[in-house]
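What follows is a pair of complexes built around subunit A, which joins subunit B in one and subunit C in the other.
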Partner chain A sequence: MKLSSGTIRLIIPAASLVLLLAAVFYMQPRAMSYTGLNLLFNLAVPIALATIAQMLIMSVNDLDLSMGTFVSFCACVSATFLQSSPALGILIFLGAIATYALIGVVIYVRDLPSIVVTLGMSFVWGGIAVLILPSPGGTAPTWARWLMTAKPPLVPMAIVASILIAAVTHYIVMRSSFGVLMRGVGGNDRSVERAGWSVLGLRAATYALAGFFAVLAGIALVGLTTSADANIALRYTLLSIAGVILGGGQFVGGKVSPIGAVIGALTLTLAGSFLSFMRISPDWQIGAQGAILIVVLALRLALNRLEKREKSQ
Partner chain B sequence: MSLNRLLIAKPWIWSFAATITVWIVTVLFTGGASSFGLSQAALTFAAFSVVVGIGQMFVITLGPGNIDLSVPATMTLSGTLALKLMDVQDGMIVVGLLASIGIGLIIGIGNYVLIKALRIPPIIATLSMSFIVQSVAIWSNRGLRIKPPETLASFATSSLFGIPNVALVALILSIIAWVLLEKSIYGRWISAIGQSTFAARMAGIPVDGTRLVTYMLCAVLASVCGYLLASFSGGAALNMGSEYLLMSIAVVVIGGTAVAGGNSNIPGIWGASLFMFLVVSMLNTYGFGAGFRLILTGLIIIAVILLAGGRQSLR
Partner chain C sequence: MTKTLKREEVVAARGVRVTFGAVKALDGADLVIHAGECIGLVGHNGAGKSTIVNVINGGLTPHDGSLTYSGREIHGISAARANGVRCVFQELSLCPNLTVGENARIMHAELKGWTWRNRALSLVETQLKDIFPGHSIDCDSTVDDLSIAERQMVEIAISFAGIDKRPKLVILDEPTSSLDAGLAAQLMAYIRKFVGEGGSVLLISHILGEILSTSDRIVVMKDGRVVADRAASEFSTRSLVEAMGNVVREQEFSRSVAARAGDAVLSMPPRRGHGLAFQAWRGEMIGLAGLGGHGQTEALLDLYLDRNSNWWPKRQREIAFVAGDRGLNGTFPLWSILKNLSIASLGQLATNRMVDRAREETLGAGWKQRIEIRTPNMENRILSLSGGNQQKVLFARALATTASTVLMDDPMRGVDIGTKQEVYEILRSEAANGRTFIWYSTEMDEIRLCDRVYVFRDGAIAAELVGEEITEKNVLAASFHEGDAA
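So, the complex of A and B:
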């Protein structure tokens, strides 16, 4: 049986998710139900969307350090403008997406380090979020609330949403010609340029798409929490980067995997629940999360070595 | 023409020019009354950014992808454990300092073991490490706020000839770092690795050893900074390092160190650290709210990097 290298790269993230899930079920059999699964994975939906956004940026060899503050900003807009005057809210989101495209263009044209530009932007988004919501508050739009708390038959909403996100982004990134070009920019932007494509346009589109998914993450988050706060999603910056890497993505070379990224986000979310089921003292929960991250990455290394050995035989 | 060449050869001049502008604008607003106090506060707070910034700079010099995200956690753990160990006794000051250096060494080695042995990208390795370090800090802190020993606290908060002591410490560390970077073989090695790891390895440079030492150096500087900061602010707090994560990266880049690695400079870190503090205090004196202050800080960072980026394309 021959597996493509893409499939092999997915095995470890998927296996670690299954293993973690099995451990959770073993410790808490009651989690093995519709409600249980929904509770376990509910918060994964906005994280998965943010991870996809980060993955898009990483596919063109950049890194977005403003992801957390941008999702917080989007959550604040969703809980205020989008709820009270939807037209204005949508306009703000369009402006934000256009800003993302502009950042992509500026980074490319001036050949700037993306880390620093997005670092600066993280202050900007954070500042705007504080201006919109100086103190926690706001209300989620009814439809966002409905969407996130919907109870489809048989499979919980969180799972349906994750599969949907993975399928849609898999199509965009791996199957569509835009996705191929985008990953091409990450792999070798010169050849893409020489083949007659506009790297500038491709990067702008990639950034805009990332902005769009981050906006969705903000809306989904507010749909779950019902209110927002300027600091609500700060940890998403690091979570999204970790999710992409956990899912088999790489920092350079346009090697990304949307399905892996969603699985990575689910794994990170589940790790939190797993630790609370283990009754680990809250002091050590963050540390144990770091340890889980290390173990999964070590497993990946072991598998890569195995793969190489098989190839050389 | 020669001015142009000077500006290209010494990128740190930009950050100092910006710093002086902001200082003048702020002092003008207050009618000159605050010039001494402002300068002292700027030197004090810039000193902490300088110490962590130098460590981060060495790591960034190693080339693309090298970055240390465990700086805030290291600062917190070192501050917490050192104060706990010293237990308000003056006699234990040196022991506390040595302990915090030891903590830095261990964390630095841990970081590099993860990077090397598990081949984890540095950004994720140091992130995982910082989670673990933060947990140890939470566990050992237990919400207690232990005061620093009397002598140490007064040393950290007082000044010599009008210059704050912490700024003097930062200055001494910067001079050592400058000698290391510009005059020692180690400095040549990290620049070579940053420019091309492959070529450096071919040239017989001990790449792994050099990288290990660099991550250790960064962690040690972060832990020394945590020790100083905890003594300065009268106790360690669990979130005391958090703002230094972005700060340490920002000062390095604004200071003119190439993010792609292989080219760094220390004076720029001073300029950038002073600049970052003065911008915030300028916006404060002009009475801006927290939101506007954040937005303007971000826009200024982007404006600086836009200007500085144009400089590189001149070459």
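So, the complex of A and C:
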């Protein structure tokens, strides 16, 4: 059977995750257990959700620089309103998702660069988060806490959740009609428009869906940490972009892979633990994490070139 | 021809006018398409073929005139689609990141429900088999992985396919541009079959053999109007070429007899392994002619990169480039006129690597006078100038350098006739001073100014015309295939 180019693009991220995992197990055999795996991948769940949200935005050739502050804002709402008065909390989340759809509309109608608009919005979300929770605190809703600390038999929750996220988003993005149209907008929006679809509506829906997954990321994060802080998820902006790229996605052209994005998020989380196991001092960890990123991306570029050369022959 | 009159009108555009700024793209064009006929549409660059196609498929609303689908006057892309109008565009318009089946889903909104994937696949596969029997396209692969010809086949198949109802009119804009002769013949045979079953086709092609053998009726456009509309049997290749061009025109310029001294300043082997080689001598004005998008711009870029590395440009450049698309790669919109002019010659204007303001201003003042840039102050923003004057600044940018060769990529698009005449004068005098100009133009008047013309077709040089041979008729005859494709 001939492998499709999409499958080939998934090989590198999957292989680098396996390699990294093997290295971690080699250095710390005790990690090879139910608790060990759960600890390693616990924090990957909210990152995976945020990465999926970023991937949706990137599938229509945009970039969301407010992802980190938006997830922080959602975490603050989860730890306060969603816990004390769930109805109001849900209403706030619906408003936030509607705002995301509106941002998508404004970016398309006014032909603005998404980077500028979302960078501006990041200050808005950050500001509201500080207003809601001026100092770290709040409590996680009990159901969120229960969900994130549940102990399913055989496989730890972090793994189950990751697989579930990958499966659901794979269905939405890669299999459903909506996903096809969304990626069509990324690939060639003129042809989608000529076929009689509303590009405006599609982009608004994509942004709303991204907002929804970012809200889930916020709730999942609070479920893990039990309390929130206005700056809790600032690094998610870059982590989510890196996750999408690591997982075989591309900045333009509507080429995205949800399974790859989840693998990318897992790889990024694991890279942090791997460096700790290597006893690399925290001063060097960020640099070393960057080095891992560069190596994986270089591998991918090399593979792309190989693919292109084969095609031209 | 009484039979034609009784047929149902699928689309009728009457007296359609479309203007883009000062340019009249359509100047009262009439095009009526009946059910069960194939119409061939031919015309040279800028004749208005693409514009009328865009009017019919709903992408452009005419500024004047009527447009009716099956007798009802409605506008817009969805209205056109609802009336069974489909269009295969010249530039491929599939989503490259999606599979063939997914592209069919985008083009056909009727593919709903849970099993759309299987239905989309079978739809495209049957249609592909119908049009191109014996093809070997895997409909599960993404469009990216297909060759150009395969993409074009897929796009054609998707457009001809119908789920609930078949399309009434399929517009094919240069459908065979990347198909080989065998596939093109299959397509032409299918068009006849489709037309025989009551559908209509509007066929645009530069291969006159296809047009003559496949169409029932041929419409010739020129300068935004329909100049001939007769049954295909009344045309021959010769009469078609004549209908596209002007019969008599005065020759305004007497060409300088090219005295070829020494070696060629620029040369290029035959492109794509066939056709003629390119050569240019000092002081020559060479035209690159042919239909738009047949490899002229690529040839200019290759000539440029041949002398100037893409990675590390030389400081003393011997070759300058005048871009065609001002907005895209010509002007710096936020800069002043002077800065836009001097950017290419900053090396000469600098002392100790600092720009000498006084020399820059002298240069600006000199060129302002020489080519009459109509502005009170060279410090004004470039966008304060009219399009024609902006183009003059871009010419001055190239001419102010020490480059001995100037490449021009259809730079006169959308420039008024007065400015054009002024620029022609400047080019003439610069050529007399020993500069070489290589000029890609889509306008016949400009091509006729050149000393020597290379006519491009399908990415290669199809003909070389010298001196008195440069006539509209000869250029047209070389740009269109005479050969039989079907």
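What we mean here is this: the second predicted complex is superposed on the first by the 304 of 313 C-alpha atoms of A that agree within 3 Å, B and C clash if a C-alpha of one lies under 4 Å from a C-alpha of the other, contacts with A are read in each partner's own complex, and residues count from 1 in each chain.
Heads up, the rule we're going with is that contacts are C-beta pairs under 8 Å (C-beta built on N, C-alpha and C of every residue); 3 or more make two chains touch, one makes a residue touch a chain.
Worth saying up front: this structure is predicted, and the values here are computed from it rather than measured.
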Next item on the list: Identify the partner contact of A:139: answer first if only subunit B is touched, second if only subunit C is, both if each is, neither if none is.
Entry: neither
Margin query: Under the stated touch criterion, which partner chain does A:120 make contact with: subunit B (first), subunit C (second), both, or neither?
Written below: first
Next item on the list: Once the structures are superposed on A, label A:197 by its partner contacts, choosing first (subunit B), second (subunit C), both or neither.
Entry: second
Check: Of subunit B and subunit C, which one contacts the greater number of residues in subunit A?
Finding: B
Next item on the list: In the overlay, answer first, second, both or neither for which of subunit B and subunit C A:128 touches.
Entry: first
Notebook entry, point to check: After superposition on the shared chain, which partner residues are touched by A:231: those of subunit B (first), subunit C (second), both, or neither?
Noted result: neither
Next item on the list: Would you sort A:284 into first (subunit B), second (subunit C), both or neither based on which partner it touches?
Entry: first
Note to self: I'd like to know which partner A:253 touches here: subunit B for first, subunit C for second, both or neither.
What the structure shows: second
Margin query: Contact-wise, after the overlay, does A:245 reach subunit B, subunit C, both or neither (first, second, both, neither)?
Written below: first
Note to self: Based on the A-chain superposition described above, do subunit B and subunit C contact any of the same residues on subunit A, and if so which?
What the structure shows: none
Next item on the list: Name, in rising order, each residue of subunit C that touches subunit A in their complex.
Entry: 57, 59, 77-78, 81, 87, 93-98, 102-103, 105-109, 111-112, 116-117, 138, 140-142, 144-145
Notebook entry, point to check: For subunit B, which residues count as touching subunit A in their complex?
Noted result: 64-65, 67, 69, 114, 118-121, 123-124, 127-136, 138-139, 246, 249-250, 253, 259-260, 289-302, 305-306, 309-310, 312-313
Notebook entry, point to check: Considering the complex alone, what residue numbers of subunit A touch subunit B?
Noted result: 63, 65, 106, 110-113, 115-117, 119-131, 134, 238, 241-242, 245, 251-252, 281, 283-291, 293-294, 297-298, 301
Check: Which bits of subunit A are touching subunit C when the two form their complex?
Finding: 2, 4-6, 175, 177, 180-181, 183-184, 186-188, 190-197, 253-255, 311
